[in-house]
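A quick write-up on the structure given underneath.
Chain IDs A, B, C and D follow the sequence of writing; residue 1 opens each chain.
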Amino acid sequence: MIAFDILLGLGMLLAAAGVFWSADLFRAIVMFVVFGVLLALAWLRLQAPDLALAEAAIGAGLTGVLLLDTLSVLRAKKTAAGKLPPVDQQLLNTFTSTRACAAQNNHGKGHENLRFLAVGLLSLGILIALQAALFMRPEAAVNLPSMVAEGIPDAGIEHPITAVLLNFRSYDTLLEVAVLLVAVIIGLSLRIPSNSNEQQAPSSALIGARQAAYAGVISEDGGNDPILRNFTQRLIPLVLVTGGYILWAGSTMPGGAFQAGALIAAAGVIARLAGYNIASRVDQLLRFGLVLGFLVFLTVAASVMFGGRPFLNYPDGWAGSLIFFIEAMLTFSIGLTLLSLFVHSPGDGAEPNAKSSQRSVKSGSTVGSDNGVGNRPPGNSGKAEADHD
Amino acid sequence: MADFLTIAAIVLLISLLLGLIRVWRGPGAADRMLAAQLFGTTGVGIVLLLAVITDNGALFDIALVLSLLAAVAILAFVRRLKLQQSAADASSLSTKNDTAANKKEGQ
Amino acid sequence: MSLLLTIVQTILIGTGVLFFLVGSIGLLRFPDTYTRIHALTKADNLGLGMLVVGLLPFANSPQQALKILLCWVLILAASSVSAYLVANKLQNEEPDA
Amino acid sequence: MISFSVDFWYAGIGAALIALSLLAFLLSKRLLKKLLAFNIMGSGVFLMMVGMAQTQNDGAADAVPQALVLTGIVVAVSATALALVVIRRFALASVVAALAAENKAAENDAAENDAAEKNGAERTGSDTAVSDTTVTDTALTDPNLNKNGDPQ
């Protein structure tokens, strides 16, 4: 197995180097996805199946899609704005193309070399320091695994990692959910308002790009391609069911709210990519769903104080069911959070006010099977047609 | 048997690292995506082998998740091509639409 | 009996791994994308398929066996769909090819 | 001197990843690349955390760092998604502003073309037909931003 570890470690370094040395951003992103798969394997070798599960769902699946999607939107914009003045061309190139770097490097070659040297020395120093820290590590002050093992009988949950996350260190998890909430609020506030299509685009080239994005997503992919449609129709329920299973399994074996949430988000992303309009008709449901996990967690954490217990200290005998309840709500919220950060990305072109929920995924897929074109939100379709004319 | 399975896992890892070369070389985006697809499949194979070697049933779940999401990247990639193609079409059409857009702006 | 099973398993897993290796080499050596798709699908279908069949007797319970089989079915579907999608896009891009 | 330990090996790989991605993060000029480097740096930190903790416990799986890293992975992915949202918004804003400047320039004399490119922000800001959103967007694409905001 040593050979396996050595190969895997070197492979990870190679993949990371591939990400950094790629002039082509697409190649860098594919390398990054590959790195995610290798990292999941490394977690397995480190006896951390939970992390492997999370990395498989998030690193290899979700992040790769997010990056590819962003790249496609950026490049589509660049194509649409092909006749820009040079200054702005260069700005756009900053995001996508390789030539901009070369152009920027040209003025100040010596300066650039100096920078490279300084940064290289810094990295080398950090590498040496980290490796030295590894070799001269101090003895562990406390034996955490045995402490966890002692606490497990009272934790109300068998799986040590879930017990740590939602019982022993539930403070961290509560704050993490708050961080997610903040992230999604910022993300939502950065999206383009749906009614600003015309005002925002002073030239038709941008409208063209948005229109192209709209057509590419909604009508062509999901509507016209029967194989893609059939495949995703069968895949999405499976992903959702697996998400539920992973959530349920989290109490006794690897799994839990985060991995399950990532899977639910992935189901939404698949639906979205296949061209189903997963817009929910209820805007409030999304808002509610986003805060649901945090609210439930906070309510449970605070309400135990009425019984005279400290914050987040579950009553005896209730811990198991409370933890599962919190986890279920968290799954829903985390899934929605990740999904809405994906769906609401500005410049996505297609229905900027798309809302999503599990229910609407299902309704979207049934509508989508009838005809892919006809499932636009009523408020938005008129506008899109106006753009077409 | 465990030794044999370990060797099998190592060979799979080697074949996976060979795929890395194809990701690097390309030349087309499609070739890179295909190599990434191979990574997903081989990853599932390795996880299955590791599950049997370490006798840990939970690892089957990980293989399941990996195989569920194997096609997601390809879906994103196909959509990517669509976007770029239609954007190219749109920009070639844009001169035609200029008057309409200007009219809209004036309102 | 168990010896026979072990031999059969060894052959199946060995062949499966071989198919993976061949698929990788094919991905490297074949000249264009279409032929590379061909190499890839062999690894997905036969490689993983034989590996899965070889590993099935190790499953501790019917559920586990079902999970292993499901992995294969999912990969099979994903690989065929993605092979189709990629080839389709290529075809659309360059109608002459 | 030291027998091979899985945890120690991967912790070392994590350290190498941190150094490598720091190099890439500081040197690369493109935002997406920086984001990738940042992600890989995070993965290196996670690997070091878990690997080092488990080396101290003689290779026994340690649930506490694993749970904390699980939290870290989820925060990292949401941060990545948020960063992508910001990058997209920035790119869209730059296109909108560039097109606005270009439209304006086309209407004006050829002599003013140069000024339109340089001072696109103020020019479109005074245009009544353009919404408030565009004004703020345009401010982002001041050519100076390209020099100041990008390579850092």
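Criterion: a contact is a pair of C-beta atoms (placed from the backbone, for glycine too) under 8 Å apart; a residue touches a chain by one contact, two chains touch by 3 or more.
The shown structure was predicted, so the numbers you read here are calculated from the model rather than taken from an experiment.
Student: What are the two chains with the most C-beta pairs touching?
Tutor: Top-ranked chain pair by contacting C-beta pairs: A-D.
Student: Whose Cα centre is nearest the centre of all Cα atoms in view?
Tutor: Answer by centroid distance: A.
Student: Can you work out the whole-Å distance between the CA centroids of chain B and chain D?
Tutor: That gives a centre separation of 22 Å.
Student: Using the average of all C-alpha atoms in each chain as its centre, how far is it in Å between chain B and chain C?
Tutor: 16
Student: With chain centres defined as C-alpha means, what is the inter-centre distance between chain C and chain D in Å?
Tutor: Measuring from centre to centre gives 37 Å for this pair.
Student: Which positions in chain B touch two or more other chains at once?
Tutor: Only 14, 16, 19, 33, 35, 40, 57, 61, 64, 66, 68, 71, 75, 77-78, 85, 105 qualify.
Student: By the touch rule stated above, which residues of chain D touch at least two different other chains?
Tutor: As it turns out, chain D has residues touching two or more other chains at 129.
Student: At least two other chains touched by the same residue of chain A: list those residues.
Tutor: 1, 45, 62, 71, 73, 77, 80-81, 201-203, 205, 209, 228, 231, 235, 238 - these are the residues of chain A that touch more than one other chain.
Student: Could you pull out which chain D residues touch chain A in their complex?
Tutor: Of all residues in chain D, those touching chain A are 4, 6-13, 15-24, 26-33, 36-37, 39-40, 43, 46-48, 50-57, 60-71, 73-75, 77-82, 84-92, 94-103, 105, 117-118, 124, 129-131, 133-134, 137, 141, 143, 145-146, 150-151.
Student: What residues on chain B touch chain C, complex-wise?
Tutor: Touch residues, chain B against chain C: 1, 4-5, 8, 11-12, 14-16, 18-19, 21-22, 28, 30-31, 33-35, 37-38, 40-42, 44-45, 48-49, 52, 57, 60-61, 63-64, 66-68, 70-71, 74-75, 77-78, 81, 85.
Student: In the complex formed with chain B, which residues of chain A make contact?
Tutor: 1, 3-4, 7-8, 11, 14-15, 18, 24, 26-27, 30-31, 33-34, 37-38, 40-41, 44-45, 49, 52-53, 56-57, 60-62, 64-65, 68-69, 71-73, 75-77, 79-82, 198, 201-205, 207-209, 211-213, 215-217, 220-221, 228, 231-232, 235, 238-239, 242, 245-246, 249, 253-255, 259, 263, 266, 269-270, 273-274, 386, 389
Student: Which of the residues in chain C come into contact with chain A in the complex?
Tutor: My answer: residues 74, 77, 81, 84-85, 88.
Student: Quick one: which bits of chain B touch chain A in the complex? Just the residue numbers, please.
Tutor: Touching chain A from chain B are residues 6, 9-10, 13-14, 16-17, 19-20, 23-24, 26, 29, 32-33, 35-36, 39-40, 43, 46-47, 50, 56-59, 61-62, 64-66, 68-69, 71-73, 75-80, 82-91, 93-94, 97-98, 100-101, 104-105.
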